[in-house]
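Structures incoming, each one as structure tokens.
You will see chain A twice below: alongside chain B first, and alongside chain C after that.
And then the complex of A and B:
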């Protein structure tokens, strides 16, 4: 049952982190996190909300890159055909793939813990927003990866999958930013659909059920979408 | 439905857009049988195999494996099948053993028997001693063996092999052929190959597909007999006299003289021994005799138009 999904996830995590691609992406992510920290600390305050905020956007890009390997890369190399003939239902396959890309992303996020730790060495930052910030990053990461896995399942091109999922996530993100200049129902819809509207609470140190439900719903939509794409492929 | 069949396809059709890749194909395969699947590129062999293993869903028709309907229980069907795809590719960063253990885990083999199952599959596929090697570092032939081992790891009742010897050197081909022959004694094997000699060696029956349609499902012997036999004799004496003598041999339909060569065509009853005996007993020197027809190749070329 769950063991099959976990076996797929474990293999995918190892595959990402034992490759030059995964290590390069992870190193790039950590380096950017460091740069963002330096920029954020120029305000001379031990607050990290200005660091977490852009980290969500970079996380979306990293999620796109990691989720590409879930289906598109396997399709390109031919290993997907063997995987698809294994006696496991589509839900387990999808769950394994999302957990795999999500797990790899969580490892990348874990490496950035060094940033708040460094701040804690020289100042006394409020731990609340740090904890909620990471909770938000994990929830958002799961949602971003799910969207990436849908796109990855729909193509065998690494480039199309990576740019496609990045485009979808950035469109959702900046749709919310653009909504500020609109009015009426469209503004309400675009604002709600944008992840940018749902990270503010995490940055301020509060956990909102609405925000958690938003990210979990996006993840669930990703699961359903991937299931549909896989069915359509058959 | 055919009671004793392990694999049954009944009126299976699959389209890709406007193109019908597999058109109303019906066939059965039995335990202890290696059924050859022949046809030119694009004939529908791989599509048929992909439908059988559950990678593609037929638009109409019925697929049953071990009595399980693929439309009702696709996972139950996949559990009984081992599949070696045409473009088999295992994960290059994994070692042979860890990949096979991964496959065994996905095949839900119990933890207690998993190690033994992996060792057996490695032995059967000729991978002893290669367990710790990275798949990406193996030659193409050995990677093909890894593909074969993953198809065998759960000891399936049905094995579907799409071009299993493609890209192998002659020695590896013989080894894989022997392995398939051994497996085929107790299990049902569906084998697609462009190598007709391989199919002749391994299969008692063949299904020939052309343009998505099943154009023959026969025993190899019946197919070749239908084509008839063709012999070429090079004689040292009078070719005309040799032709007259050979014309009286049982099973001969026609005789043609081309210089010192006598071309004989006939039915499946025509034997080289009878022809040779007739020529020699007439006091004519027989320098060379060879069979140029009555082969699976001749039957195939007659059946396949595209």
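And then the complex of A and C:
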């Protein structure tokens, strides 16, 4: 089962990164992260938490773009029909698609390693928060990609899928910020549901079970949601 | 797909979502963390955890600091840790510039001030650091402030001196641990130690103590006083009249330790033998005592114990002015006791009983901490090795206080990186220009190579066709 899912993932990673779209997105992501790095370092401190923080938001947008290709783009080009008729189960297809978009995202994240490396060359940053920052980016990326894949499976329009998944992720993100104005149990629940409240630990250098469980749960819900959408479309 | 299959699928989904919800609730309730930041900056100490266990009513923490920037986010994150440990604790960060009325209401005059309110009481903490906040909580829970009297007038370093030889860090440490430090000058002929003093600190007199002062201190100790005496052979003060009645002798001289010293200076001794079970040694693994002198522990009454001793290779040079640091026949071989504690209890009859059921006797308990070095707690050395903890432990033991919250706060260290225009240009050049440019160039190169190969293949195919045509007729 894993081999088939990985084969789909490899195919998707290649199709993203060997396309002008993927390279353009990746280069743009890296360039933006470079600008954010300079903005963060204006505090004259070799701290990268202020760099990682907006990177999570940009990662959500990049995840939307990468995951769009999973189903919406396949359907637009007509290759989804071929894929659906292939002798592999729907779970493998979903897992392969999420791993593919996630893998492409991890490659984009890997290119940004140049930023902390450059800071380490000229100063002495704390390695702990850098390690946890990237751990958080990978976990959050997997969750964001899963949400994007659900939206991508639900539509055959590239534009609708991209804007839809971006809107869902940004609503989740800023929902936590808006929850700050509320009080009581509703505030607690809304804050918990927002990814923004689960990245703080990664920025500070701590790994918590709660944050890891949250992002993995979001990824799992994405898998289940995609499976349901595919089932409904059959 | 059969409807039965779909029902099973839906049931499986519902079960999976339920498992996700239960997993998240469980993780929220019990959230183990791994702190990978340097010096565990965001892990609250066991002392703070124990302290928060005693908070049984709503405790509000309000931090006044600029709401943006790393300091504010660090503060928020730290205060959230307190809330996680005890949900009676609630917190907020208020920007005094954005909410000047709120700042005025609390009387806030400096950034980074934290106000803590608990059961109608209110204390302020000077910074948003764990040590400061936990101390403020301790002060709220304790509900009273002990007074520690610091003797002056005999050349002792000043509590207000922030230079390397001053004691401003000691003053801050006392304040942060809910003590009020009161300078007392007994050299002016004051007859007795003020009754408000929970303990008296004699921190390095440089000249002999006047006889009335010695008498006042002797009388204070005899009546159950608590005192810390820091002395050195580099000063002309002789502490023996004060110490010998309690079984401690000041040997003087200069302790040299070739085995354990900082750098090449044998007199800058690192003490690693802390043999006592006394709470003063608790949590202390090593001390830095510059130019220490030796002590002789000879308990005549009560219990006296050596708190710190140098290595067996150390020795006391009685004449350090001679210039030779090598061990010579007149030197006292180690290990040398450089810090000691005395704890003497006795039952005192105070005459007639004050009332029915009240005993006419009471227990007087004298406690004394003596260190043969008078510079280890100055600003230049207090934060070295376990010096800070040793000092705080000693004050806590002398005043019968609970274990204090000591230096548990590890603020994320200062990691300067001056962003010069040249560095900024380099960073942007590489991260915005060179690396993304390389990615795009490689993609273009690959695309060009593919196109070239395709063109070559097309040309080859085009060349082959006419040849075939020529052969067919033949």
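Everything below uses one rule, namely that the second predicted complex is superposed on the first by the 234 of 234 C-alpha atoms of A that agree within 3 Å, B and C clash if a C-alpha of one lies under 4 Å from a C-alpha of the other, contacts with A are read in each partner's own complex, and residues count from 1 in each chain.
Please note the rule applied: a contact is a pair of C-beta atoms (placed from the backbone, for glycine too) under 8 Å apart; a residue touches a chain by one contact, two chains touch by 3 or more.
Predicted, not measured: the structure shown is a model, and the values here were computed from it.
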| item | value |
| --- | --- |
| Fit-or-clash call for chain B and chain C when the two complexes are aligned on chain A | fit |
| First (chain B), second (chain C), both or neither touched by A:234 | both |
| Touched partner set for A:15, first chain B, second chain C, both or neither | first |
| Touching partner for A:79 - first (chain B), second (chain C), both, neither | first |
| First, second, both or neither for A:213, with chain B first and chain C second | second |
| Arrangement angle, chain B at one end, chain C at the other, chain A at the vertex (C-alpha, nearest 10°) | 160 |
| First (chain B), second (chain C), both or neither touched by A:163 | neither |
| Which of chain B and chain C A:87 touches, first, second, both or neither | first |
| Residue contacts with chain A in the superposition, chain B compared against chain C | C |
| Chain C versus chain B - closest C-alpha approach in the superposed model, Å | 5 |
| Shared chain A contacts, counted only where both chain B and chain C touch the same residue | 18, 234 |
| Residues of chain A that touch chain B when the two form their complex | 3-4, 7-8, 11, 14-15, 18-19, 77-79, 81-89, 234 |
| Chain A residues within the chain C interface of the complex | 18, 20, 23-24, 26-28, 30-31, 33-35, 37-38, 41-47, 49-50, 111, 114-115, 118-119, 122-129, 131-132, 192, 200-201, 203-210, 212-214, 217, 220-221, 224, 227-228, 231, 234 |
| Complex contact set, residues of chain C against chain A | 1, 6, 9, 13, 16-17, 20, 23-24, 27-28, 30-38, 41-43, 69-70, 73-74, 77, 80, 412-419, 423-424, 426-428, 430-432, 435-437, 439-440, 442-443, 446-447 |
| Sites on chain B touched by chain A in the complex | 53-57, 75-76, 78-79, 81, 83, 85, 87-94, 102-103, 105-108, 147, 150 |
